Structures are given as C-alpha cells and as structure tokens.
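Beneath this line is the structure, given in structure tokens, with notes to follow.
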Amino acid sequence: MAKPDESLAREDTFPKLLLKNARVRGDRVAYREKDFGIWQSWTWAEVLDEVRALTCGLAALGVERGDTVTIVGDNRPQLYWAFAAIQSLGAVPVPLYQDSGADEMQYVLEHGEVRFAVVEDQEQTDKLLSIMDRCPKLEAIVYEEPRGMRGYTQAFLHEFKAVQEEGRKLDAARPEFFLDEIAKGKGEDLAIIAYTSGTTGDPKGVMLSFDNLVESARLSVEFEHLTEKEEVLSYMPMAWIGDHFFSYAQALYAGFAVNCPESSATVMTDLNEIGPTYYFAPPAVFENILTNVMIRMEDAGWLKRKMFHYFIAVAGRVGIDILERRAVPVVERLRYWLGRYLVYEPLKNTLGFTRIRVAYTAGAPMGPEVFRFYRSLGFNLKQLYGQTECCAYCCIQPDGDVRPDTVGPPAPGCEIRIDEQTGEVLYKSPGTFIGYFKNPEATAQTKDEEGWVHTGDAGIRTDDGHLKIIDRAKDVGKLTDGTLFAPQYIENKLKFFPQIKEAVVHGNQRDRVTAFINIDLDAVGNWAERRGLSYTSYTDLAGREEVYELIRENVEAVNRDLARDSELSSSQIRRFLILHKELDADDGELTRTRKVRRRIIADRYEELIEALYSDRDQIVVEAQVTFEDGRQGVIKADLKISEAETFEPLRKAG
Amino acid sequence: MFYRETGQFKASYASDEAIFPIAQDRWAVIAIVIVAYVVIPIVANEYWLQAVLIPALVFSLAALGLNLLTGYAGQLSLGTGGFMAVGAYATYKITTAFPELNILVVFLLSGLVTAGVGVLFGIPSLRIKGFYLAVATLAAQFFLVWLFNRVGWFYNYAPSGTITAPPREVFGVMITGPEAKAEARYLVALAFVTVAALAAKNLVRGRLGRSWMAIRDMDIAAEIIGIPLLQTKLSAFAISSFYCGVAGALMIFLWLGSAETLAFDIGVSFDVLFMIIIGGLGSILGSFLGAAFITLMPILLTNAPQVVGISMAIDTQKDLESIIFGGLIIFFLIVEPHGLARLWQIGKEKLRRWPFPY
Amino acid sequence: MDILYSVFVAPFLDMADAPLFFAEVVIGGLLTGVMYSLVALGFVLIFKASGVFNFAQGAMVLFAALTLVGLMERGVPVAIALVMAVAVMTALAFVIERVVLRPLVNQEDIILFMATIGIAFVLEGFGELVWGSNVKELNVGIPDVSFEVGGILLNEFDLFAAATAAILVAVLAVFFQRTTIGRALRAVADDHQAALSVGIPLKTIWIIVWSVAGVVALVAGIMWGAKSGVQFSLSLIALKALPVLMLGGFTSVPGAIVGGLIIGVGEKVAEIYWGPLIGGAIENWFAYMLAMVFLVFRPQGLFGERIIERV
Amino acid sequence: MATVGAPETTAAGSARKIGGPLLKIENVSLAFGGVRALTSVSFEILEHEILAIIGPNGAGKTSMLNVINGFYHPQEGTITFKGRVRKHMRPHDAAAQGIARTFQNVALFKGMTTLDNIMTGRNLKIGGNILTQAIYWGPAQREEIRNRAFVEEIIDFLEIESIRKTPVGRLPYGLQKRVELGRALAAEPDLLLLDEPMAGMNLEEKEDMCRFVLDVNEEFGTTIALIEHDMGVVMDISDRVVVLDHGLKIAEGTPDEVRTNKDVIDAYLGVSHD
C-alpha cells in the first residue's frame, strides 16, 4: 500500500522519526535507566518494539485518535515511550508534574478531558484514585512499577507490561495496524498539550503541533550541531516543556541517547557516571555546585588550596578568551594549560562535566561571576530565553558570542520585537503554539493576529541585537524622564553581590532611583570579623560606616554596569539606605518564595522612601518586628542615608 | 588527578564486577604486565633476578596463600614455613621418582599434596580460635620441619641431608638445576604468580571469598545464614596451603637450587606473616607490596653501609639490621596498621577526588 | 604388629622395670617444667593486663640475662648487677609503653602481636650489639651438684630453680590478691573501663605489668642462663612457653604453672621412652602436638570455664 | 501507605492465605547448666502468617529463636518443620531448609559492603566448585551475575540503592538493620525470624521497617516470626501473638485477645516495677 509509505517517508511526526531511528541507527542505544545498580539500556530497535507493543496495547484499551492521555511520573524510559505510543495512535499526551497534588491534577484531568492515564507507580496511582470519582472522564490507569500494587484489584488498573502483552497479541493479529496508525499522523496534528501553571489563574493548556516541535528541534539541532552521539541526562520534570524538547523532540530528531537517573537522590552520581555531552540546569543548580566546590576546597590542605585558587584566578583572567579562541599571551596559555591538567579537568570530571559540549541555563538571571566561572573552565555554558508557547526557546547565545547578562540574539527562524509602550518582548517563531486548549480568549490575548506572541516579559535589545530580559512587564514602570524603570532587574544585579541579601529599588514615576538594602548577615558578618569589626546585632552591623562603604562600592559597581545600557543608564541608584531589619516573610514583607511585596513595603516604609527622596542624610525609625517566639515588638534606630556615585552613559542611545 | 571516570558507566553486571572497573587502572595494569614480562627480562641482570626479583615472586606467592587464610578467612597461621617445606620436599620426591613428568605439573601436584597436609592441620581450627590456633599451627611448623629433617626418605638419604633441584626442561628450555638461566626461572616464577594472583582474586570476589570473610567477621552469624564452618575453614586451609606449597617448591627449584630444612624454619613463617600485615590483611595487592618490602629491606640494609661508605664488623651489622628491621616494622604498624595496601587505597581515593580533599 | 608393641607396650614395661629411673625422668621433667612456667608467667601477666600477646617475652629473657651477665663481666658485683638489671627492665617497660603500646592502643590484637615481634627483633639486636653475641657463662653462685635421695638423683641447682620459681609465683599471687594495683590489674584483665574506674590510668598499669614481666624474664634468664649459658638461643625458649600457654590458658597464672609442669614432664617422658622409636629430638614439637590435641577436646583450656556462645 | 484511596486493599486482596502449620514446637525445654531458659513451650507457626513472640526481658524469646534455627539444642521436646521432625541439626542445616533470621544486635559482616553482605545470604543458592570459582570466567561468572540480579531486586525492594557499595560498618544503625533484613531475604526463606527488627530505631525508621515486613509477607508470602518490644508495632502488624514469661508460654492468640489477657498484663506489670 503506497499511501502510508509516503506519509511515513515524510518524517513529520515523532512516531515517524522513531521508525527512522530504528531503521538508520537500530542498534545504537536510545534510552538508559539506572536500575538495579546498572544502566539498563534499550537500542532504537528495541524501543520501537516496546513502543509498538504499547501502542497496540493502548489501542486495545480503547485509546482513540483525538483522545487526551495524561502521563505522570519521574523520568522513565517507559514514560517517554508512552508519549510516542500515544502519538502513534493520534491521541494527545498531556504530561503532569509528578509532584503536583491531587487537586491540581484534578483541574487538568477535567479541563483536558483526559480519558486515560499512564503513571509511574503506586504513589501516582493513589493520587489519581483519590480523585477518580471527581473525574468522570478518566477511564483507565496504566502503571509502570508494579511494586506495592499487588493489593489493588480495581478493574481499570492495568500494569504497563500487561498492556504491552495485550498489544503484542493485537499486533500479531493485525501486523499492519501499527504503521497504518502512524501513517495517519500529519505534521499539523496536535502533538502535545502542555499545561503551564500561570502565575495567575488556572493553568493554561498550550497546544503544540508536530510541526512546531519537529521544526524547532531541527533548527536547534543544526544550530548546536547535535549528533546521534550526544548523551543527555533527563532529570527535569517530564511535564516541563524544556525536558520534553531536549529529551524527546531533539533526542528523536537527532537520534541521541536519553539517560534516566536512578532516583532524584542520585542525580549527581548518575550525572557523574553518564557524563552527558549536552546538559541543561537552572541557575540555582550551577550556583549550588559552585558554592559546594568552594566549601569543599576550604577543607583541603593549604598547598592544594593555594594551587586551586591560583589556577582558578588564571582561568578567570584568560579562560573565556581561550574558550572563545581569542588571542592570549603564551605565558598565560601555558599557565592555563597547566591549570587544565591540575585543576580544571579533574574538577569538571569530579562534577561529571568532562564531556559536556553544550550546557544551557535559563529561567532566572544568573550571577555574572558564576557564569564566568564555568565558562572560564572551558565549560560551554550558555543562556537562552523561551517559554512553553514557543517550544522551549526563541533566543539563544551562539558559540563565540556568549555574555553573562543577555539571553542572546533571536534563535534561527525566530523574530524578536520590543513593544514601544510597554517594553514587552514579542516574538514570532516556527515553534509558536497553536493556541490554548479550550481557551480562545487567552489565546487571543497572547497571540495577536499577525502572529506575534506576547511574552509578558519586559526586555531591551542591546545595540548589537542581544535580548536582555529585565523584568515582568507588569512590574516595569517609567521614570519621570520617560525612560524605562525595571526594579527587579536592578535588584537582581544588586543581589548578585554576596553581601546583599535583599534589595528594593524605588523610582516609578519619580525623577531618580533609590534603594533599600538588606545586608547578608553571614557574608558581611564574616567580612566584619576578618577586619576585627565587632557588632552586637544585625541592626548594629547594618548601621556601621564601614558597612555602608562596602555596600556603596557594590551599588556603584551596579551603576557602572547600568551606565553601559543606553536605555537603563538613567536608572542608576542615586541614594540608598541599609534597612535596620531584615525583610521577613513573617512580617509579610516577602512572599514565602522570597519575592519582595512592593506594595506592603512601600506603605510600611513610606517615611524612609520619602527620606531617600529628600536631602536628609539621617532618619529615625521605629519598626514593627515579629520575634522568633512570635511576640510583636518595636525597634528604634536612626538610619544613615548614603549617596552613591553615578556614571555617564558609555554609549548614547542610537 | 589522573583519573577521569566521568562517562565510565556500567551497563552490565559483568563490567560492574570487573577486577579493574576503572579504565585508568586497566591501562596501568597492562603497563605493569608488559614491564614484568618483556622489559625486565631484557634489562635486569643476573644479580637482580636472582637476589631480588625471584625471591620477591616466591614470597609473593606464599604471602598470597597466607593472606587468603589469615587476611580473608581470619585464621591466624604460623605454619607457613612448614607448608612451604611440604611443597618443596614433595616436588623433590615426585620429580626424582618420575623424572619424565613435566616439572610444572610436579609443582602443581606438590601443591595438592600440601593442600592435603594443610587440611589435616586445619581441622583443629573448628575448636581452636585466634592466638590459640596460631600456636597450634606452630605444631605443624615444628613437626613438619622435624619430619623432613629426621626421615631420610624425604631427602633420598643424601648424606648432606639437603635436597638439590635436578635439571629439568620445559619445552626445551632449562628452568631448574644449575644450568637454568635466571631469566627462564624468573619468567616461570612470574607466570605462576600471575596465574595464582588472578585465581586468588577470583576466589575472593566469589562465593568462597565471601564465605571466608563472613567467617572472619562473625562466624556465628555466618553459620546461621548457612555457611558450614568446618568445610569453609578447611577450604581456606587447603587453598592457602596449596599456594604455600607451590611457593616452597619454587623457592628451592627456581631460587635457591638446593636447601635443607633450615630454609623453612619458623623465621620464614614470621617473615611471610610480616609481609601480609605490612602489605595489608585481606588484600591481594598487599601481598605483593608486603613481599616486596620484606624481601627488599634486608638487601637495602645490608648494602646501605657500603653505599654510604661505612665498614663495620659483620655481626655488628647483623645486630643493627635486626634493630632497624624491628624498628621499621613497629613504625609501619603505627603509621598504617592496615598496611601498605590501605595507604595505596587512600592515595588512590585522593587522586580520584582531586582536587577535592574528600 | 611389633610396631604397635614397641609403641603401646614396651615403653610402659620399661617404666615399670625401672621405677626409680622413671621417677627421675618425671622429676627432671617437673623441674624443666618449672622453667617453662617462669617464661609462660611473663606472657600471662602481660596478656592478662593488656591483652597483648607478647612474643617479645623470649627476647626479654635474653636481654635481661645479657644485661646481667654483661654487667657482671664488667666487674659489677652480683647484687648491684641484679638491681641494675631490674632497673633496666623497668626502663624498658617505660620505653615500650611510650613508643609502641600507646600509639597502637585499641588496635586489633594481631597488630599488637606483630609489634611485639618487632620489639623482639630490636631487643635481640640491641642486646647483642651492646653486650656482644658470644656465649657467656652465668654464675650466680649456686652449686650445680647432684645428690641422691632414696635412690633418685637430684640436682641442687634444679631444686633451687624450682624454689625460686615457687617463691616468685607466691610473691606474684600476693601482689595480685592483696595490693590495690594487683587488684586493678585483675580488673583490667576483665575490662578496661572497670580498671579506669578503680582510678588507675591504663598507662601506669601497662608500665607496671611490663616491668613485672621484665623482672620475671630476668629471673627466667638467670635460671636458663646459669643452666645452659647466656646465648641467642635463649630467646627461643619463648616458643617453648607457647604450648604451656595453650594448655593453661593465656590468662591464668595457675594455668601457666600447671601447664608448664605437664609439658615439662610429658616432653621428657616422651623423649626418653618414645623418642628413640622415631629418631629422637621430638621435644621441639611434641609439646605443641600435646597442647593442640588437648585443646581440640577441651577448647577452654585447663582452667577456663565452658563457653556458651550467644547471638 | 498502600491503602490510600484503595478501599479494596486488604488481606483478602493480597497474595497470602494463612495456611496450615509450617513449624510445630512441642513442649520444648532448654537449660544452660542449671539455668532454665525455656520450660516445655509449645506453639505453632502457620504458613504465611506474621507471628509475634513477646514477653518481658529474659523471658526466653531469643532462646526460642535460637532453638528454632538450630543454634541451641533443646534438652526436651520436638520441633517439626515442614512436616518433618528435626533431629539434632546445625544452624546451617536449618538455613538450608529455609529458615533465615536477623539478630537482636545487628550481626552483619563489618568488613564487607552492603552488596556483599546480602550476597552472602545467597550462598546456599550459588553453585560451582573451587576450580570454576578460581577460573571465574564461564560458569562461576554466570552464577555471580544471576545472583547479583536477584540481590539487586532486594536492594531495590528495601530502597538501599544509594549504599549498595558502602562498607556496612559505616552505615547508621537503622540502615544496618535493613541490610540485615536484606541478607535474610536473599536466602528466599520459607520462615523468616526477626529478632527485634525495630529495636533502637526512630519513629520513621520503624514505620519503614513495618512497611518492609508487611510487604515481604504480602509480596512473597513469607512466613514471619518476630520478637518485638514495641506493643504498638506488634498489634499493628502481627496476625497472632505468643507471650513468653520466664521461659513459660503464658498466652497465645490474636493481638486483641492477648492485649486483654490477665496473665500478660500481670507479667508486664511485673517487669514494669523491677
């Protein structure tokens, strides 16, 4: 039969790509999972066989074209196969976060009209069982790990293996069924509905087509020259578009191996064993690793420590230039070469980074020195910017043009535009989603008629076209001179300094920018002890002239930085004060996730803000505090207000 | 710091349980083997082979044997010398009785004979433990030596009372007797030790080895989970004695050429015990390190004065040697009671963690 | 057939034929046994108090004897030489405790055992280095003449030796039973914490024990030295003491005595009546065989009480 | 645990069906010298059940286990296991017949790793002679790998993957107990004796251990006899309880029956004020 064949030949869906991989690299390893002490492996051919069985099995269960099927669990090969199987049948996978509670799940199951669920284990099954009665549409649950399920007698529970067995029977009976089903699939079909937990309101189901994902995968694979030889460690939640893109879309397109850790507890050791060549981690992870490295090195013998810091310094001077193939004096090159043997390579090796060719970080701003540290070791770390609505990313830093403070120029095939009024970032990309599932008005709000997607993030283009994300659009204000005021961006810059724990900058609708600072008691405390500065309390330390000096340097460093950006140069901090108490979630000044509550702070510290905008350099405060034991109390202190030097914009806006 | 283990993951139990799971170690071992089999025979001279390398190999074999018994199975034995004597005299008797028999086979046969004797003297180990057992094994030591000394049949009633290695060829190469080249004897000894070490490693990482260690660590628990004590202990004695027997045979036939029972006196038993304790109880590598250490040190001590250029009376020097030897032993026990193998292990861990301290 | 006869019948007939001779053999055995006991005693003291299987005991005997002889050769009067020798042995105890035992505290027994062998090497080397390795006459002024009592030939020296041993044992017994330190020592044997609670630091106890063991070694050294000259082979009588220990148990003073006697007698009798059958010189293994066979049937030794294994 | 949202999850749904007597103990008496440890004790252990042996300290509970697995030999009484009356047998014979146990104070092989410790539990299942083992490659290796795979299942079951290659000496007490359970399970016993499996554990360790004991009993249908002091635990997990006091059996029955039994209460009050 000719028709299915030419459809299959089009390779425009993931099931078709799976067939291709099984054909061209059938005995290359496709999936590994650390289980029973070793890396259990499956080649592409074996995976195809497994998927084939599962597909038919699901069909036997009654999964039909257009159905939605949820997938819940830690990263497991079997669950990745479930994606392929479901898509083979023309049904749509709806992955859920494995750590989400029953109620969150319930919303998605209802809204997504989910009929079937493929879950990892007893834990997930129990969650679904507990909401079964509230989700009338949910018909059957397939569980992968039988451990502890022995006592469960419900008819609608099926073991993964059993389903596959059924599938093999059906497959034997109707050998053509599998390929025909795949052949029915088309590029424009819906590939996945990825629910995004919006900061406000209910989650929205982002509908992505095969064309979206396959095309984005193609572009990115070519952009990074990814080959079938790559190894990735899949440890980010499967329901997160990032993991779906790296560990599923790209893996199937490029045909490289996906490795699943034994458990979340062993990720670090598993990382070390596998030694991925292609790696993603959020900034926090990289920051923690760096801190651990430094702490562990403190316990080393002094000679080793000296050597370590010496060579880290060398790397700091020339590492990045060497990584980016710029000219470096021979002596330094020699030092670096020596350091590579004595420190960098062993260090990367103990961290499991030896084989990494490309590493991404995204999702939050990363401290520049952390970023530089990794790159200086010859570790190709890059930042990117994206969201579910564009299948992962629409901006990325190309090799050789990587900077700590941008997310790079538009990715291949993408366009970026900054909305003049709001400063909001808009993009167009081949990955642009079809729309939100059963939510046209939200779709309309986000995606305008000529296809520009509103990210809700405020950003600026550097003069050479890199994008800088500076804040959530709604938080961005304006100074009276009409220039952009992005508090969070400035606060983050301040917080990158270890001495500064929290910062709150003011300036919306004002003529200049001022700031509240919270010092980091540990960092500044150590610093104070080292220079024999005794203090009794946070308040005491915060009031010290020396500390103000220290902080002023940081603030001015930030100013120098801001001055480089034509758009932000006028947001330099003119005056600041160090708060007499630490901002505290218990006092409602921070959210539980340590985000500043601007409104509350604004009216609680109104007089301080006014003082910052007056010309006084002293002010007496009384503040409500909640002590450890919960008692309320008032502390009095008089706060200094300090001027900070500002700088001329280096480049004029043009 | 030389270790680059990232990416060396194990996809099968076979590779996970390999003797050298780390690639870098495998390369190192290959290098060592090449040096031992190719380089040394070419570069080393008569003196080195005869006075240093061959004895080191012979004692490594004995140390391996004792380590299996004492280090792994936890049965303290001071009978090593006696068992080596059995091996030596058995070889002598067999090869003089059947000159046609390939000498290598004879070595193995005498190993088996020794194993039998070992089992015999192992029987008390079921009732007698610890130092009591150690003393009991001295019975074997003294009795056996006495036996070979007294009963003429064992040395074919040679008036000198000594046994002498008759010339024997293997594949046309003379490997025993006065005409045997040092290189040939060295290579034969090396081959034996290599195989023995491999076999020992295989044993200790398998069921038998685990049973031995179980008995060593807690015999009651071991028996309750189904490890038959007597059988297991006797297996340890048998295999250990086999090794010692072969070592004794090699000692006479590949090294000394001829000897009387004096060569196997209690001192030898203690030397071998030193080897495994300085080297590391319960470690194959340790057996080699210990053997090397104990065989080399006296040589160093004897030659040291000449090197430095001091001349002194023989017995003065003898006394000094024994003082320094004893001192060094105490020193080593204090520095690292678990032996050189442990030192190496610690060092290796540091290299693997480099640049981190832990 | 006649082999069996000559092994199982003839010897006993011989004994019956010449009872006096047999008695002499037995007494001779007893007296040598006493000597063994002397050495064994040193072992027991140290093992009891510090759990250390002191293989250097033999070397200490040699060293003590060498020191004594050496001093006398250099014209020091016996009495003073004795005092000095005792002082040396005490000093030695201090050194050993400081240099060897303290750094190795809480190590496995076998490690300490090995360490004592190291000590043995050092002592032998050092002793001979200082006093020379030639065989030395030791004359402590006891006439070595024999006399006959009821047809049995006795040796005055042997009797003297026996007496000395008896006295020494008595003294030790008193020391252990009556004095605080003695009791503390016994406590240590049972468990170290107890000893500490008695209020005597382990350190002191060990020094004391090793000093006492040193003195015992000195006595043994004098006896053996006077009998067969002071020479390197003295250090080998340590090996003789081992089977005694097996019989008597490593921790039992009476065991050491009785064990010594049994070994002494058994060895002599076997040597005289069975030795010739199998080429003689059997005394250097017979004792071990005897002890081993004995232990196989009674693992707890002569005076130990039955062990109930627990889990 | 297993029952969340799954009302059907009950013994009814599980693998185990309590069967006939697996082990019969008939008026067994044991004494050391003059000391009487057990006085004509009789009871049965039924197939697939969890039987708890409780009693004040020195009641002879551990002695009982030692008798059952042949470590002590009772002066009187008979023991019938799987329908065969047992003559004098050494512990390793008992093990060979399918009796495994853990110990009151952990009795692991300190010098070996978790993996090796559990592997020793497989000893009876591993074939091969000295020669094949010395050669290793070939049959011995196949055996090793086969049994390693089995042991890994246990490691996975007990959730001790992360300490697989740690020498047990370095493990915290709670984990050691878990490893010891693993070693016992490795023998695939018909009868599993647990001597105070929860002793010295904190609350969550106890909960884990309870879960494991129940799972073992459910998933593999293993018969379990355990000594335990924590009454709460006993009442929760055991099907039947036998109460010993001063070497005598003073009660036997379901947890509830025993809880209300007067002698039992007295016995416990008895200990409570001494």
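A, B, C and D label the chains in the order they appear, each numbered from 1.
Going forward, contacts are C-beta pairs under 8 Å (C-beta built on N, C-alpha and C of every residue); 3 or more make two chains touch, one makes a residue touch a chain.
All figures in this text were calculated on a predicted structure; none of them were measured in a lab.
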Chains contacting each of chain A and chain B, listed by label
D
Chains sharing the largest count of C-beta contacts are B-C
Distance from the CA centroid of chain B to that of chain C, rounded to the nearest Å?
32
Roughly how far is chain A from chain C, going centre to centre by Cα mean, in whole Å?
78
Determine the centre-to-centre distance between chain B and chain D, using the mean Cα coordinates as centres, and give it in whole Å.
42
As a quick test, compute the distance in whole Å between the mean CA positions of chain A and chain D.
48
Would you pick out the residues of chain B that each touch at least 2 other chains?
13, 220-221, 224
Contacts with two or more other chains, residues of chain D listed in rising order:
71, 103, 107, 148-149
Counting only residues that touch at least two other chains, what does the list for chain C look like?
309, 311
In the complex, go through chain D and note every residue touching chain B.
69, 71, 90-92, 94-96, 100-101, 103, 107-112, 116, 119-121, 123-124, 126, 128, 130, 133-136, 140-141, 143-145, 148-149, 183-184, 187
For chain A, which residues count as touching chain D in their complex?
35-37, 122, 126-127, 129-130, 132, 147-148, 150-154, 262-263, 265-266
Please name which positions on chain A make contact with chain B in the complex.
32, 37-41, 231, 272-275, 293, 296-297, 299-301, 304, 307-308, 341-343, 345-350, 352-355
List the residues on chain B that touch chain C in their complex, please.
76, 123-124, 127-132, 135-136, 138-139, 142-143, 146, 150-151, 220-221, 224, 266, 270, 273-274, 277, 281, 315-316, 318-330, 333-334, 337
Counting only contacts in the complex, chain B reaches chain A at residues 1, 3-13, 16, 353-358
